[in-house]
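Notes to accompany the following structure.
Labels for the chains are A, B, C and D, by order of writing; each one numbers its residues from 1.
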């Protein structure tokens, strides 16, 4: 049936919150009670839910230090820590910080991110990494084709568009942060560079439900056992950018972000492998690999839509589960599509609900 | 900027991959989200969400694109043109030349006036036989589209508005439902709002929401006699549906009030408002409900507006209508080609020409031109001799914006695929029928 | 606020009183010929490319119904303003304008929605024809102005497409083919007779027009860059739809011959002088 | 038709059966728009508003940014751009507002400056902007107040650091300017009928702290009654804040139960490890 029209999902019934303020009727206000001017009304922390909301006092115990997502009132006695975002409390020995339920990506040094060139300037590129500010990629922070090591000259600046031009995707590492939080990227290694032979997708920001979680390995390889007798040799590279941008592509021996971890060593820079790092020409991709890439993309979408975290382990398990589901319904045509109901089934199977 | 250029940045490598996977013939196109070529994205639909309107509907996709339509109706005095005697005696010719002067004439209506002479509803004059019925005019329906981020006189918004209005007014049936008597008529305001910035081309979503809103629209029942000042029954439960329902179980199955003699309503129970479907072609594959990435590699795209006419209406004009139109009697209302954003996408650079890619070292990229497989040690910095050749021809794996138009046969096939018996249009109409109208 | 600089005509348009019965409509033109087109390129020296098109007036003695006159100017390709983002291809902007005196009821200089709609159609038609990546970082403006009144939207659009294609060729912008516009319509005298398909319909002549379509066509590549169909066609009847389309393609080919002939003349004249 | 307040002091009930200090029925939902950074849907009585937040992100300098009516007001760091769109079918009789509608622009400026004072934007550079687009689906009184509440709810959903909720409420007084009766009661949370008849003001406070961020009063009212109206509005704001807080907590707990995010720890003052 080409079109499925669902009934609207009813809004969760609003639990009648036990009204904190001592007003008689629901949400009313009475004039007699004295209005505490100045310090925020100190509310007994009746609920046990560990959800903090903005403006809520976390503690006024001087031993705690203030981390992300919290603030201190400059004027009054400055050891009352209040939460500035809605989220869960995180304590790292004496440091209090609040992890927001949903937030955009905040870059940190060493993050492996996927970015898209938004603007080309004289000596640098402005890269969108899904954060609050555009990241910078200076011309000096990229490998020249063929791995030559030299200072950048005028001609390089003139040929800047042959390296990266608007709209192109690249994988890079955050090298350093400006004080306003903007990231500076670099691609000075064989596992970074321009992305091709694959499909891009973006998952909403990290920090909370359904985002990419910082893990040991952000780039890994899936070998597609192939649902229909494809020779096992085909592999797929999956690159989970920490900023929620994901790249799924055909694995080429010794190239691409995953090559570093599984391919030959890094020693031979001048090898021919690094020469095509700025090419925007795709190689010939067999149909089955395209099919499996679409399946992996479906798995990731299902994980996000059902609020599960996206990391190497979940994606690998999800992909195996999807291949199983495809085997079961061998006859039905669209085994690839993993939205809506099928996505829920996959997610439940993963979480074992 | 052109109507579809919500500035989507995609890299040439992605575009080449997408085009490659969508134009596969043997197993059929592989779409990025794995859907089959005629499969629509799941959507949630509900009607009657705004109590203050005569009819309202809201549809949103799983990815969050959402549209809300509100329909409000007001009674308006029908302007009587001073040349009325000329219009009636002169018959047709006088009619078209006599200017329609009404007190509050907005500028837009003059072109509507011209369009009317091109349009199709003159024939009802003969059919109804009664002259004053002739004064049915398309200005009784005003449709406005609001897209966040675009100004309302932006060419994209205007293109959408005129397409939706055209689909509604093309067959002239709709305007007759707004007729009250010779002195008054209903003025219907259809306001369409796209809540989120458009993630994919908004046309199909807007037209489905309008379809549902019109189905849910109800007008208060007329109590007054023929040409008196209109008096309405203020019991909302007795209001009549704009599109009379089939014998649905709802208690107030619309009894066609005797005082509203409109040819269409009497003739057939179930005519339905039009829907507009977006169809796209990549290579030889025809794809429905394209997402933003798919539309960015489309060779051609067409918007087809279809409506279900009253099934028992006989079609005198066309000679080849199959007599036993069992299922639905679909009418083709309007077809427009959409300029696909693929023409605005940056071209890829083949390795043989790419200074930074040091020529075609890896044998895995056989380019069509024979001389292009330069020996490995030739320094790639020199521009390749036959760069001009690769510029005109298609190199495998390199994206190039499509040039020229679409083949005549392909456009015809796209329209045919929508209209065919048991095709996509009918299944979408069935799906929409399933939505229970509150 | 009153427009001080211009002296506007009388507010309501007045039509001449009709005394005698106008002569019967001229013999309806033969079905398979389109009206004669007069096309001239290079009429505005200040623009980099320009053209003027006029369609023959079917029955001159009828009051208030004159022929279609269109002029088109092309400015570009010229460099984009510094603030515009980098674009690897030419940015095409089209405007369709009605002269204030062009329609029965005078219309102001502000463009309304139908003109903008025509503008989008024209842009779709021309974008298919132009080779965009030959002119990176540049823009071209195409302004087509309708000077005479009494014609319907689809005929205006097909005229605009033809005159704009000639003007682009005159401006020396790379095109894959000269695009031409053509209109065909399904008309019927009255209920009894079966509907016939007419090429390049004259609106006033026909009693009722069931459906019409306007096509922008590339003859040598045999491709359609823009198609606009409107009207009421019983859906299952794809045959009538295809016949209508073929008829409009024939109209496009005739119009295209006029463009090619005009461009050849200017080239010969150009070589003759230099 | 003028609102007849004659029967009010008989049973002290307002035209929709509320007491003088009762808020209208409120419904709220977070994350209604998965593709946006932050989104919220809020109903106060029959005023229904949907708010979508994109950002804080950086509009690159040369991009053809869409015509967002952005009365940005520079807070400590990030700029806040607000654009309001009132649906033509929102009011009883259809009214299509043009682009440069003065009343809309004024409301946009008030909200932008109010939010800029509440949002702790210093962690983002001045170049990043927070785009707030508010769609009014139906309007029945205290529009500005409802817009502010919807915007601050959506900002919390977007994870933008804020000092506290920016909550707003309207308050009116039963006696029109002419009648000199002293013991006129202030009224809380007015609907359209009451707004057209009675003098009223909109008060926006920083959460429950009674610090006033914005106050708008466009009708004549006696000075003696102003103080009472402001106090009622401030208390109304407390009630609204509790409601918004409840919506956010429900959403948070839902996400914790679903295992989308780990359960946070609870700090207890005796924790001296």
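Basically, contacts are C-beta pairs under 8 Å (C-beta built on N, C-alpha and C of every residue); 3 or more make two chains touch, one makes a residue touch a chain.
In UniProt terms the chains read A = Exosome complex exonuclease RRP4; B = Ribosomal RNA-processing protein 42; C = Exoribonuclease phosphorolytic domain-containing protein; D = 3' exoribonuclease.
The structure displayed is predicted, hence computed values, not measured ones.
Peer 1: Can you check which chain pair, A-D or A-C, has more C-beta pairs in contact?
Peer 2: A-D
Peer 1: Of the chains present, which has its C-alpha mean closest to the combined C-alpha mean?
Peer 2: Measuring from the global C-alpha mean, the nearest chain centre belongs to B.
Peer 1: Taking the mean of the C-alpha atoms as each chain's centre, how many Å separate chain A from chain D (3' exoribonuclease)?
Peer 2: Chain centroid spacing, chain A to chain D (3' exoribonuclease), equals 32 Å.
Peer 1: When the centre of a chain is set as the mean of its C-alpha atoms, what distance in Å lies between chain A and chain C?
Peer 2: The computed centroid separation for chain A versus chain C comes out at 51 Å.
Peer 1: So what's the Cα centroid distance for chain B and chain C, whole Å?
Peer 2: Averaging C-alpha atoms per chain gives centres 24 Å apart.
Peer 1: Which chain B residues reach two or more other chains?
Peer 2: Those would be 1, 62, 346.
Peer 1: Using the touch rule from the top of the page, what residues of chain C touch 2 or more other chains?
Peer 2: 85, 88, in rising order.
Peer 1: Note the residues in chain D (3' exoribonuclease) that touch 2 or more other chains, in rising order.
Peer 2: Residues 34, 62-64.
Peer 1: Mind listing the chain C positions that touch chain B in their complex?
Peer 2: Touch list, chain C to chain B: 12-13, 15, 18, 63-64, 87-89, 91-92, 103-105, 107-108, 112-114, 116-117, 119-120, 123-124, 127-129, 131-133, 151-154, 176-177, 188, 190-191, 194-195, 203-204, 207-213, 216-218, 221-242, 245, 249.
Peer 1: Where on chain B does chain C make contact in their complex?
Peer 2: 1-3, 86, 92-93, 96-99, 101, 105, 107-108, 110-111, 113-115, 117-120, 122-123, 126-127, 153, 155-156, 158-159, 161-162, 166, 170-172, 302, 306, 309, 315-322, 325, 329-339, 343-344, 346-347, 401, 403-408, 411-412, 415-416, 419, 421
Peer 1: Enumerate the contact residues on chain B facing chain D (3' exoribonuclease) in the complex.
Peer 2: 1, 7, 49-53, 56, 62-66, 68, 70-72, 74, 144, 146, 148-152, 189, 191, 193, 195-197, 199
Peer 1: Which chain A residues qualify as touching chain C in the complex?
Peer 2: 119-120, 165-166
Peer 1: Across the complex, what residues on chain A touch chain B?
Peer 2: Within the complex, chain A touches chain B at residues 1-9, 116, 118, 145-146, 159, 162-163, 165-169, 194-200, 272, 275-276, 278-285, 287, 290-291, 294-295, 297-298, 301, 305, 333-334, 336-340.
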